[in-house]
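Once you've had a glance at the structure underneath, I'll fire off some questions.
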């Protein structure tokens, strides 16, 4: 009578299904960040082209809502669930629920630290942080004072990007302040104003996403300030073009979404899907920005 | 039981209320405590029952110096307190109200409703009352609530019962029932402390009277050995002369005339007129519907039918704002909940209905406003340190004057006064009558709703009597008598 | 007054809603959703739904007491997160799950008591006191977790720990049992004991309660303690369900709990309401969330629909009008 | 309760705080921050600070009126976002900046009026009514923007549009002028006109106000309209400042505005408070945020400190005790 699995589910293991018969469930961490709107668009565009039905839920950055959303997707008997976790640990039980229901799970942009995944489509956040540090190093003298605008405390992306940046920045750049601006543009602006006030000498800013960078550049008057950020969302790239952001480690949320749903197709064609699908990241600067816009 | 309060003193901040007051009560007697509004009667009782801490003095119970930590403790020692302000939880059922914080519990620690019901009913029976104990108490009339408050005190096996203005909201019939109960309690050796502003009552039931003024005990008499004049003199510190000033009205044009006012289920087909200079009193039993009629005229409640003419013109009044625009004023029966903003200053209360008249270039003309307020305060002799004092800190009589000032100031030509002297001491009452005289001399038409038959007969020009939502008749005061009004008020023939 | 009451008795929608409205609203909602998507009535979905509801319901039970006293508790979500983090840390340190839960719940009660003390003795308005502690407890959670979720093998391999939020007993999710158990306890406490009476009294007329010898301050502290305790209990379910303690768990949960209480017919002014109503209120919100997901309504529109449903329910319940 | 009132009277700190406390608290805070980090007093920082404060201050001015009537408005942040999105869209469509702003502000006023109607005629409790519209307006913003920020060349190249939030006049940021202008208007409206007097009366005792001829429903609608209008004005600054309208702009801004009002000594029970206090309250929050950033306090601890400051200020202001 006591168990960790729900009462019997009709485990119907299907291996082949036509694209226009597929029902794809998508659980996104939040739709109030353009990054994930692009990701959703990537999924939906491909789905539309192929006549696939999608069911998109927005967890509003709440792990518990996300687990409810996934329960509801399981209930709707979708054929595959693409999960963009709010948190890679907290998602595990929900992934297991899907596993129990025999529904394949694809993690997208962020991984799951447990459960069985069909594949993980993601760009490497640690690497992105490292690339940001490397680019900044190439632009600044040794021991140049820099500031970091961190993402939402506890968010996977914030932790890993911070980790990557620190690994490569240490012994060269002098990180004199780290402040959280919650991945938010308005907060990026006011935090940057205050940071500049306290440390007028800083020469570089690493913003852990474009939204914060776009806020921060509004506070910066010094044209030689080196602003580096991560995401490559359209407005971020525009800022690169204008020279406000010096370097942007572009992920391609749209491509991530496309890769994720294509992995689902592959699975239902009966083919094997690789455990990890790397979504490319590139350093975008003024020189090469036009390639990416 | 014998209670002896000696040399009690008490101040609230700078406000010294009690300087040196002595008061005692013995089992089997009714001891009345008299004094003006704000004399400190309720304060004395709050001190006795542990609700307030005295600054000085001792309380002896059966010779033993005693100090109760709270009202519950006092009650457990046999002192029950029927408060002046009803302490009810209007949303809660009658039963829950009666047993609050002294619920009877079953073996398992759960509340035992059946046992409580039996006890409550037994106590209500003594007062000859039948009430649905499940009903929210707020749905009962104020009088019924007051009776329940009394029933509550009867449940406690009290040896001393404090009754602080218990009859303010009771009908004649209910008052008589209360008096019967008091007599039987007396016979059982229960001591009763009785506080009231109604002189006739204390002569009807008390054995002793203590009068207090200016924080001191003025005198204690055996009731049989004193008279009204003496007590009034002690209370206000001077002779008042006639209780009711003379009326010498000069009637002018009809100021307000209503025709066929009806509010379904509340009152029906009410028609009357009041002339300039006239006081038309509205008499009737409590719950007859007088307040409702006035509220409807003033636009607070909706009318189902009927017309209102003011100064000969038919008007539409759908909210108080429009009534005020037609120079109607309304002193509500409950000054705390509808008459005053207790947290606001006297000034802000007085000028509220008139404030739109004090704007210059869209801004308030503060100088003119202040002059206006001060004039009114002086005219109505509001006792306060300044116009900026909070209305809530005034005594009842002075609060009433502030509400009056508000309506005098707004230029009311028709002034509706609902129970203008309820809970007001004799001195202040007299001042209110004088003011009403002055207003009518200047041509104001006054409608005075009053449940005090003495007052109706003693200070009005005509009397309208309402019974169960119907106007039974309007009689000239000069030809009216207690009997004739009561006959109409109880539905007797017209 | 009798005449007016009489005039009213014909059919008073407000009164009707207060008594049966929430239940009727729930039933209407269920019928609607079932018609539009039949799989709503699938027993498994209903079990899922109940599990989803359990967290909000537990918080709402505590919130009901708080609101009945005329107060409000905005810190419940932060208490949930902080006590969840404590428990997770304890489990990682090897403390048996049962004790870790117990300690977490008691800690939640202590945080609640802190709210109570600020309100009772500090005389701070409940809204602002708990707004401040919301921030403080949330900050403390970030400090304690250093901003990272707390998780580890000791948690994901601990059966007892996982069972609390993820387990099934006779095919029914364990959190559902917890919700039912605490509903019964809360119901009895509110409607069958003197503690409940005093809760109503405090909200109905605090002065009168004081005069009647109710120890207002003590009551306030207990009521907020209870709210803290129940939020922490919800936190235990969440932590176990996610097998991880999130530093930002429970953000804005106070709003859903308050909505549940109000949808259940309890007046925000205090003194008036029923525990049953709150349960129904929590279920309405749960059915709404689950139903809209099943119907595939976009998350943007979900917010609009949810707001409108709350609004309609509250407009029907015009009892506040009398205040 | 009486026993407590009594004990206080000798030196009534509460009374003192209500009159001068917020100002003293602000000065102490400024001195403290300046000592710890000298660059705080840099004129440029002070100008920045004022600009940062302007958004919260504008919302708080409106909130002050609402709270004085005994209400609350939780929807201000959503109104800010929705009207900001409208304005941005209008600018993109080629509407001159001036008119786009005007329309945005008026739209905000209309949303506020909607709140007012629900509260006045619907008799919904302000807390729950504006909680519902918070969700509804936010959902509408997402629907309107489709979840994406609204931005474009027409915005970033439009001088008038950018000037409102980003511009300088005689070296002082333009939003500071807007804040000062609206402070003066709000001050005069509250303290020098009959509208203000009626606002106080409504909060002090709505029934007595009604009997004294105040049109309660009309007043309520106007007060919430004003709050909506001022929130939208703040939204204009934010949208212009970021040269983009964010769908999630203004989330939780109501809390900072309420905190500013309460820090300024206004009682949440209504009827009591001053516009000057609210300005000071907004400055306290601004100095706190700016100062803690300057001092490099980690964002985790910032939350704790902010909560404690609010708590301390409120505990000093025990005026609520009387209620």
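When the chains are written out, they are named A, B, C and D in that same order, and each has its own residue count from 1.
As a convention for this text, contacts are C-beta pairs under 8 Å (C-beta built on N, C-alpha and C of every residue); 3 or more make two chains touch, one makes a residue touch a chain.
Here's who's who by UniProt: B = Ribose import ATP-binding protein RbsA; C, D = Ribose ABC transporter permease.
In this text, all values refer to a predicted model and were calculated from it rather than measured experimentally.
Across the two candidate interfaces, A-C and B-C, the one carrying more C-beta contacts is A-C. Mean C-alpha position of subunit A lies 34 Å from that of subunit D. Look at where the CA atoms of subunit B average out and do the same for subunit C: the two points lie 44 Å apart.
Distance between subunit A and subunit B, defined via averaged C-alpha coordinates, is recorded as 71 Å.
Touching of two or more other chains is recorded for residues 142, 147, 299-300 of subunit D.
Multi-chain contact residues, meaning those touching two or more other chains, occur in subunit A at positions 31, 153.
Those residues of subunit B in touch with two or more other chains are numbered 51. Because contacts link the chains in a way that matches no line, ring, star or complete pattern, their graph is best described as other. Every pair of chains in contact is given here: A-C, A-D, B-C, B-D, C-D.
Touching subunit C in their complex are the following residues of subunit D: 1, 72, 118, 122-125, 127-129, 131-136, 138-140, 142-143, 147, 255, 258-259, 262, 267-269, 299-308, 310-311, 314-315, 318, 320-321.
Contacts from subunit D toward subunit A in the complex involve residues 37, 39-40, 42, 44-45, 48, 52, 142, 146-149, 151, 166, 238, 241-244, 246-249, 289-290, 293-296, 298-300. Here subunit C touches subunit B in the complex through residues 1-7, 188, 192-194, 197-198, 200-201, 204-205, 207-209, 211-214, 271-272, going by the rule given at the top. Across the interface of their complex, subunit C is touched by residues 1-7, 9, 31, 55-58, 60-64, 67-69, 71-73, 75-77, 87, 89-93, 113-114, 152-154, 158-159 of subunit A. Residues of subunit A touching subunit D in their complex: 31-34, 37, 150, 153, 177-180, 184-186, 189-191, 193-195, 197-198, 200, 214-215, 218, 235.
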